[in-house]
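Here is the structure we will look at, set down as structure tokens.
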Amino acid sequence: MAIKLFKKAALKKWVDSLIAGGRVFGVQAKGERFAFGPLEKAADLRLDYDVTILPPKKYLQPQTEDLVKFSKGGGYESVIDSEPFVLLGVHPYDMAAINQMDAIFLKDGEVDTHYKARREAATIVACDVESPSENVFAGCMGTAVVDKGYDVLVTAVDGGYVVETASPRGEKLLAAAGEVPDASKKDMKKRKAVQEKNRKRLRKHELKGEPLGLPCLLGKSENHPVWEEKARLCYSCGSCNLVCPTCYCFDVQDDTDWTLESGRRYRVWDACLLADFAAVAGGHNFRKERAARFRHRYYRKGKYIPEKIGEIACVGCGRCITACTAKIANPVEVYNRLTEGC
Amino acid sequence: MSKPRLAIFDFACCEGCQLQIVNLEEEILDLISLVDPVEWREAISDQSDTYDIAIVEGSITRPEDEERVKKIRERSKVLIALGACAAIGGVNKLKNNFDMDDVKKCVYGKDADLPHLNTAMTKAVDEVVPVDFYVHGCPIDRDEFKHVVKSVALGKKPNIPVYPVCVECKLRENVCRYEFNELCLGPITRAGCGARCPSNGSWCFGCRGLAPDPNVDAAKEVMDKYKKTVDDLRDRILLFNSKQEHADV
Amino acid sequence: MSNTVDINVHHVTRVEGHGNIVLRARDGKIEKVEWQVPEAPRFFEAMVRGRPWSDIQTIVSRICGICSITHSFAGTKAVEDALGIEVSKQADKLRHMTHYAEYMQSHILHVGYLAVPDLLGAKSVVPLVATHGDAVKTVIRLHRAANEWSDWLAGRTTHPVTIKPGGFSRNFSDSEVREWKARLEKEVVPDLKAIAGVVLSLADKLPAFERPTEYMALTHPDYYTYYHGKITSTDTDEEVDIHEFERVVNEYVSPQSTAKWTKWHRDSYAVGALARFNNNADQLLPLAAETAGKLGLKKGCGNPYMNNVAQVVECVQAVEHALQLMDELLTAGLKEETLPDVKVRAGEGVGCVEAPRGILFHRYVFDKKGRCERANICIPTNQNHANIQKDFEALVPGIIDRPQDEIRLMMEMLVRAYDPCISCSTHYLDVEFV
Amino acid sequence: MGDNGKDIYLPAAAEVVRVEQMTKQEKFFEFRLASGKPLGHMPGQFAEVSLPGIGEAPISISSSPTSGDTFEMVVRQVGNVSGAMHRLEPGDEVGVRGPFGTTFPVDGELKGRDLLFICGGIGLVPVRSAINYVLDKRGDYGKVTVLFGAKTPGDRLFVDELAALDGREDVEFLETVDDTCGEKWNACVGVITMLFEKIEVSPESTTSIICGPPVMYKFAIMGLHEMGFTDDRIYVSLERRMKCGVGKCGHCQINGLYTCQDGPVFRYSDVAEVREAI
């Protein structure tokens, strides 16, 4: 696979040609913050962003996504979106999260056809972090740098961007750039240095102990006072879930047109912190207490999903820390409390 | 199956919620294809009428209106409270923070005692009669209204969020208003509006009412973190949620 | 003459909330003719007391569902006046544009869903779907455009969220403005012309009733205003500063009404589209002036039924001016603006704007913490009540010989011509659902 | 499992063959897939039943796979889907996804063992599939004991089948109601655990299967422990909120376990220590 060195202007030209060629979503400024959105011109792309408000998973499992449609006499029909698109500027921790989504939706049990279609329609251009966000701790979670899942990896280095293709799809994407010089040994060294530096500096919070120790730690912490202490201030607003790149729970609803006979069944992001997430008929709620829901989230990240797919389901993006208005959702704080004991 | 008979009534309000029904534009014809509107304003004199669905807009602010809404309840199978005034009393409840005589004097001065200017404590509809379904908001959200009407016609319980506005705010990928040093009621307000205000650069002032079991105690403690006071919080809650359960901060 | 009439319209349909018409005549002698307003009073002036300046817009917007943008502006301008808050030129232009969205929405609702069916002898817009399908579609398209226009700038169709003391809570981009400009030019202007054509074809059906009337409106040296300016009337050359509005409205409580009544130079005065037109017609932009000419609307008109025609003219004016403002904004390029820091202080302020149905005044007094101590709100519909009564008194003797149903219809049409804050009570709703 | 290109959220059409009112709240349904094929389930499994515009709900399959090409369900009217199902008539169509979930190991370790079925109320519905399966292959199992508890006599499901069970020589059948509500009632009155004293089972050779309302499990299991049952000789069938039925939506999680995939049938020893399970 090719490794090239793009000058700023060449990168811009390449991105503009991608935009001319199809659907491109890229990171752009949203006030003082950043968000992935449809990219209209390369000048709007901000590869120097710190973190996006929502993770790029919204293009693989959108906030609301039609699953099937139904009509009178026509029964049910699948709705599959497989229109190709390019996702520009996915940070390593988000890429790691997408890799986990792949494990859940494509490898664990039955394949989710809807996720699969979008995933296969996606060409992912990852990029190494230029500006660490205020709450990132990917360095602690082993996700400051990523080595798989993407089609192209872009790293800003002194003097340009090292651009590496990692799949035939990535090769094809790069072909649109025309003639670009190969990266030199020196450029490669610079890239390595950026990645090494990122492993060290994406640590705005310091996790005590190894991430892989979490399942065991959690195994003995069910009755730890931290759950009650923190959850006392929990709004049950689900913000921590909704901004999380590894959260994927959903609700399913039906909607009809005015005939009441035709319509769609869609899924919408759900959040296990919300009060009725585990409520069933007869009024019973299996996680009625705020603390139970709060605890569930950390167990899911640190124990339940790891037991399923072998990876800690927290990639250290720090979004939940920022999103939590009550300022209680910092996973590092919670896990460190457990490490310290009661 | 014959079409359900629909009647719409208004009480003290700005009628902005009914206007949202007009604002369905062409879809009004669809609405009529689903339900059979038999009464829109109270002008119809036939008091023996019964309705399958009664939609009530506005707060109850006078004793005679209490009687009227009771009659409506008796004559309807399903009663829907339309909009904040009907559902929670809305902005009209601000009045309840004052003495009624003082309220009248303030507006009408020496004429305050004229009988037709009489007023009483504002009540939401469910403080007078039982309500089956609510369309929240000031004004209502057209899509939610459609959903409720269709659900009732389908014989299913509408899916009205019980979670707070923050959920939809996150789905819209807004920057949280607290990051702008604003006091937003999103964390304790019932969602369903698509986080309309934060999405337009403003704080949520709670027009959809408090979410069920809102963590108001947390809100009080959290104010500190944003250099706001419990008084500020109370002020904002009072605006649309005066005299609601959980609103006594 | 021996006609005995007993009309008691309890809660006239197709008008705002609750209004009653009472007419009793024995042998052609009128015993009682009354316009009554028994609307449940809502006491906004009492409710805003103690609220911080930043809540005023949110509260007073709820006075009226159909002119919530106007109330928001009157309230916000009063707050700005009291606390000395500046609004940028850009925001001022955007506010005008926002205001025009409401004008369109309100006037189209009134003209399209109410007046046109009346003039066609149809009970509502529904039968017109079959007979005048294109016109109905045009009305709906205009109404939708107006609502979406308001959604865009105000954050929703009713009860704006973006309007804040000092400007807007969000920024708008060149491309948004460009998009809307194109839509107004391509879709809205042609539709308005089509509606003007429909109204023209029906104009001779309007009753030919004239009564010399004082018309009050806001006026501005530079443009046909709905937003800035001073108070004037057709009875005077004086231009009164808005801070002295109490001097011209002279409110009083009528035993017929829960709403307060008003008078200036005469026993009553009228506000609204026709009032604005009669005061400011010379300032109409070309297309609006042309429309007025075509529709036979001339300055000095004293026929209240012509208010509908003036509304059509004003829609054209609103869109024309919006287009002008959009050009100006695009030429300068839209800038990112943040709301100014407000230095809270004690103060008193007045806000005055033209609502679709007439001039509107808000006055507030704030204490040093910026909390409202006192408020006075004078809404246009109230200012028209006395005039409706006077119109009745002039109209009825001339028609008292006619059949009761016809008298009743003409009285109802007169009330509706004033568009008394009609929101949900138009023909469209009413008859469609009977 | 794996990828067969099939949309896991796409329901297949099934026709309502028979509807019967069972109790005030519960109706019985017999369905046949439009494809004519059997559903292919085993006792204990469930399917997601769909009604367009209303939604989907997980419902246990109550019939034994040995009973032909149709399948049976019993639905309690509690909400949207169940409410709309109660309005169904023969010939109407529903959507079905499944079967999903684990099964009572009737073809596995239950073979050759004595069986003790403990069913509370609507808990009889999934267990009925296993009971009928066992009775159809009666020779493969040892002693069969069925305990059934209902709130009142009027809440009893499958009244005829219960009578048939009662009449069988090769099944010990006992039942109770919490309250007779003034109705004629000759059997026991009291909670289901009262029946434990009246039966003779040997804990070593017996496996117990429990299904009932959430409160029942704790007491039934306590009773079984007193009788000498070990946790690995107890099977429970659990219910949770469920949106997809295929282990994606996250709703049915009981700590790390997914009710839809790891359950609904669990060996009790696998969930005894799981905080949120019972």
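Annotations
Order of writing sets the labels: A, B, C and D. Residues in every chain begin at 1.
Quick note on the criterion: a contact is a pair of C-beta atoms (placed from the backbone, for glycine too) under 8 Å apart; a residue touches a chain by one contact, two chains touch by 3 or more.
Every value quoted in this text rests on a predicted model; they were computed, and no experiment measured them.
Chain B has the Cα centre that lies closest to the mean of all protein Cα atoms in view. Measuring from the averaged C-alpha position of chain A to that of chain D gives a distance of 39 Å. Averaged C-alpha coordinates give centres for chain B and chain D that are 43 Å from one another. Centroids built from CA atoms put chain D at 66 Å from chain C. Chain C has its Cα centroid 51 Å from the Cα centroid of chain A. In chain A, 253, 255-256, 260 are the positions where the chain touches two or more neighbouring chains simultaneously. Of all residues in chain C, none touches 2 or more other chains.
Counting partners per residue, chain B has 154 as the residues that reach two or more other chains.
Remark: the chains found to touch one another pair up as A-B, A-D, B-C, B-D. Listed in rising order, the residues of chain B touching chain C in the complex are 8, 10-23, 25-26, 28, 32, 37-44, 61-62, 65, 90-92, 94-95, 97-98, 102-104, 106-108, 111, 114, 116-117, 119, 138-139, 196-197, 199-202, 205, 235, 239.
Residue ranges of chain A in contact with chain B, taken from their complex: 30-33, 35, 53-54, 58, 63, 232-239, 242-243, 253, 255-256, 258, 260, 268-269, 271, 274-276, 290, 323, 325-327.
Contact residues of chain B toward chain A in the complex are 27, 30-31, 33-34, 147, 150, 153-154, 159, 162-164, 166-167, 169-171, 173-176, 178-179, 186-188, 212-215, 217-219, 221-222, 225.
Those residues of chain D lying in contact with chain A across their complex are 1-3, 5-11, 13, 50, 52-56, 76, 78-79, 82, 93, 95, 213-214, 239-241, 243-244, 246-251, 253-256, 261, 275-276. Here chain B touches chain D in the complex through residues 154-157, going by the rule given at the top.
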